[in-house]
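Both complexes shown next keep chain A, but they swap its partner, so chain B is in the first and chain C is in the second.
Showing the complex of A and B:
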């Protein structure tokens, strides 16, 4: 009746909740709000320096100054990165998850192999692919040479570097999406397939009408994770090309402006706010679309 | 049941975290007295083996002479990683002596409205950097060097520890001798030399294109000798005032000459070679020349101790006399923090560092051209390869250029970015890149 007791005791859970709440506000919510406020000021990364509100100046600097062309390109790159990574990563992950779910011999082994890159971490992955894609001595260039008689500059090419980064990103996180799909697939009751089989469904039909609707929640989770993940990726770019050769994205720009640009903090704050708004837009649309497909039988 | 279990787990977790806290505070109590009463001096620097070792040696001697101090020498990755650490530590007042990557870059002038203010200037203006004007050890250094690289508003704030040449090419003396080639004095001699090497099947030049910035080094020679008819300062002022331009004949000539080198004489796939491995290509004879700064001489020597190599300024024009000097910068420059935990210790350390004996240890290990007079470096490389070309030593474009805020990527980081030229880059001709640069320069003009 009174799960938390009576009188003052009733407030104890609330009081206890205040601790994580305070931590959340101090270390997460507060700085986020401050970022929004800072984006309208000329605040500097100098102790004791005063700052003033400058209205929309930082936003104007972003889109109407000498380097605004690059800003737009970063935004476009971010969108390309997000679309390609989300679609290809989830497509491949779902395909492999379905195959592994067929009770293959040694499925644990395959699962571990596909998941391994997630555990390696960005620095190691960048090192591995840096060596694979070494234009002078790397094995991939030899392969290209033998197969197509063609040589590439990989991470040093203005036209191809971004594509290779997308490939590495997908290679790195595909195992993560696969695991989530696999969990979804294993929760689909077998009797539904049997019922379908009796009704004479083909393999594609049973995937389309039984599997897919039932793993829709995993699909939603994977979509969200890859959209947010892809749009805020900067580490793999930093580790492979360091933003050179047309590989900058918004997240990379935020990092660069904040830690390596000038001492100004207003401009990177404005950039963060814009990045947040774009991510929010895509997440809201994606959630609305995928939620529609979720069913329970 | 579940409730009970979770209660037990929670209680367990709480106890564990409490004991963990207790443990750590105990260890702190025990540690504090062990450090003794020594006053810590915090020094921040970047990783560069030969220099780090010399500084560590000096630190050891310092601690022996002044046992009341303990030097805490921290190093980070070079360039951007270091800049990041620099900013974090100076603004948190958590450093006493900090190095900078070059001497003071030029600060905005009255003819550069709305220009970027360099970090060092903002730190001095906000009172984070100690004024060294009255310190006796400043007199150990050449007054001209202190004036050029350590002075702001008539006060001395920094100690430039040495100069480096950036505009030269290392060359393999054996390859040159075997093929009857000599050091070129003019641009056309330089082209002939490269063609002769190519005709014998020898790759002329290697450069670390993957890191992009090493491409700036030969360009510094071209800029210093070509822009403004050899008066770079005049050209830079002109570009601010609209009298010269990034797409004027001289600026296009700079890009065009670099394009000639990139297209014809660089090793295949140079855009894939990183800075750490480039010297090994040169040291093992895979290329006859290496475009790199003089500071890398110890690396080249270490990569192949048998190699006989020299260093000459890239001849940018047809005027041999004009070509015969290096373009470069002041390297490692020390600042003392005004509000650091131990300013007095910082000054003491700088004084010790500046004693000729210790300074010699440093400058020998670093391979720098000394900024103190009468220092014997006992280095063949400095005496025979660098000194003959130091007469008209000029600062590089990178140091002299005062950039506009929010400048586009083709002019960012005080460079002209020849990596954007075809075949690696997107622009087919020097003029195309030059036009984009001028457009970006104008677009970044203060409104």
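Showing the complex of A and C:
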């Protein structure tokens, strides 16, 4: 029962709810659906222009026009980015979370430091690593020179720039994944380990059979966040190479074609739809895989 | 878990190595920011010999950071405040079932996390807003703030979870005493939600303050630049003058680091609560 009056008062919650609802429909839900519709049209970025449905022409243009080579390169880059970021970031994060969770002295300090890049933001992080990776006077090149007698162009290298971007992305978000794993680890009851210890389990066995199944929910969350994040972020690319030196991904291409490309909006819309389908595919596969491993205690 | 001496030493070793990877870049930036350009060219890595504080005054005035900071502050405060309020407007009736189809509405809002990329149509929409009403949409502060205000995201979901843990009896008691809905939300429920609001404020504020793509797409006038865009422009201007750029980095990062040391505990706990619950 609604306790705050009758008549008009009954509708106040709905009226207030309409504000977030309107924001959502106008700025996110509507544009999202419209983008899907646009992908089948020849819509232009001109105010008041009309558009017609052109079927799958935009999709054909994506893959069978003069630029299709670059398109495939973006898609391959996107997949590399997603796989490497998801696997390395979660692997390192889980490893460090397990280590920190053994009640090391100063654990709060370590967490805070590893999470700091998220607080600093991508503009600051990109500039910090821009200085570290400066080909002329940067410290990392000095280090390479001393260790291997070798110099790199970093963000200016056609073959290596993308790898360095992946590194910065993982450096930036590793702390976030680690925090989520730590939350999972802290919910594992300590007596389970003691029971295991009495039964003579090894460290690896107790991790594999006690810890891992119990933190599977955090694993699912982390997988989802990294897959969706890696597939749809491009701010790190924008802030470091701006897409030069073979560092374009699908998300970057959508931005580039919408914002700085021609007036054709159908093409980037079609690309958004394909991006969405790939995300959906990997999310479904990942959730199925990790859900299987979840247990209750 | 039992820990032998060796595992413990190894653990500290690993954590220490990783700490170096996170702390050393920051220290190097600060070190470079104190060098004169000549000293940097001769000795880019060694510890600074003659401290050049003038770098900071130069960076501050030439980078126009005061203006960018003001803009960032406006965007962050406004979008965060509005996000908290509209999230409450959405979360409370949905959590309580005070509106029809609240289960369906919850799922509809949850969908926001999984929608196709809205960027293309969003951009076109912002441009057409600007065409029809000049004070709103593309390249206006108000348009950007409303774009960044959302009552249906992670904050909404955290709020729904939290409100469900507040007893319904409270609603009935307040209703009995003749309290109206709006007054009840702001005077009773809002204060009870302090912990989850703290988390929501911090998460939203970080997101808005650090937004990099949004300003590039929607705020092209220098008068509207926030600090992230300002830093990007500053870099474009000073190319390889790393002492000056390092000052820029420090000017932007230092307030965040200082603030972060105070709110760090909320943030760490909150990020967890938010992520695991959603």
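Worth pointing out:
Quick note on the criterion: the second predicted complex is superposed on the first by the 274 of 297 C-alpha atoms of A that agree within 3 Å, B and C clash if a C-alpha of one lies under 4 Å from a C-alpha of the other, contacts with A are read in each partner's own complex, and residues count from 1 in each chain.
Heads up, the rule we're going with is that a residue touches a chain if its C-beta (ideal position, glycine included) is under 8 Å from a C-beta of that chain, and two chains touch if they have at least 3 such contacts.
Nothing here was measured: the structure is a model prediction, and the numbers come from that model.
When the shared chain is aligned, no partner comes close enough to touch A:189: not chain B, not chain C. More residues of chain A lie in contact with C than with the other chain of the pair chain B and chain C. Shared-chain residue A:45: touches chain B and chain C both.
When the shared chain is aligned, chain B comes close enough to touch A:157, but chain C does not. When the two complexes are overlaid on their common chain A, residue A:91 makes contact with neither chain B nor chain C.
Applying the stated contact rule after C-alpha superposition, one finds that A:34 touches chain C and leaves chain B untouched.
Of the two partner chains, chain B is the only one touched by A:67; chain C is not.
Of the two partner chains placed by superposition, A:55 touches none, neither chain B nor chain C. Annotation: chain A residues 45, 47-48, 134, 136, 259 touch chain B in one complex and chain C in the other.
Remark: chain A residues 1-5, 9, 12-14, 16-17, 19-21, 23-24, 26-32, 34-36, 38, 43, 45, 47-48, 95-96, 99-100, 102, 104, 108, 110-124, 127-132, 134, 136-139, 142, 171, 176, 179-180, 182-184, 193, 197, 203, 206, 217-218, 221, 225, 228, 232, 234-235, 238-239, 251, 254-255, 258-259, 265, 268-269, 272-273, 275-276, 280, 283 touch chain C in the complex. Chain contact summary for the complex, chain B toward chain A: residues 80, 83-84, 87, 91-93, 116-117, 119, 122-123, 126, 128, 209-210, 212, 269, 271-273, 404-409, 412, 419-420, 424-426, 440-441, 443-445. Residues of chain C touching chain A in their complex: 1-3, 7-8, 11-12, 14-15, 18-19, 21-23, 25-26, 28-29, 32, 40-41, 44-45, 86-87, 89-90, 92-94, 98-100, 105, 109, 111-125, 127-128, 131, 146-147, 149-152, 156, 171-172, 174-176, 179-182, 184, 206, 209-210, 212-213, 216-217, 227-229, 231-232, 235, 240, 242, 245-246, 248-249, 252-253, 256-257, 260-261, 264-265, 267-268, 271-273, 275-276, 278. Residues of chain A touching chain B in their complex: 44-49, 61, 65-67, 69-70, 134-136, 151, 153-158, 244, 259-260, 262-263.
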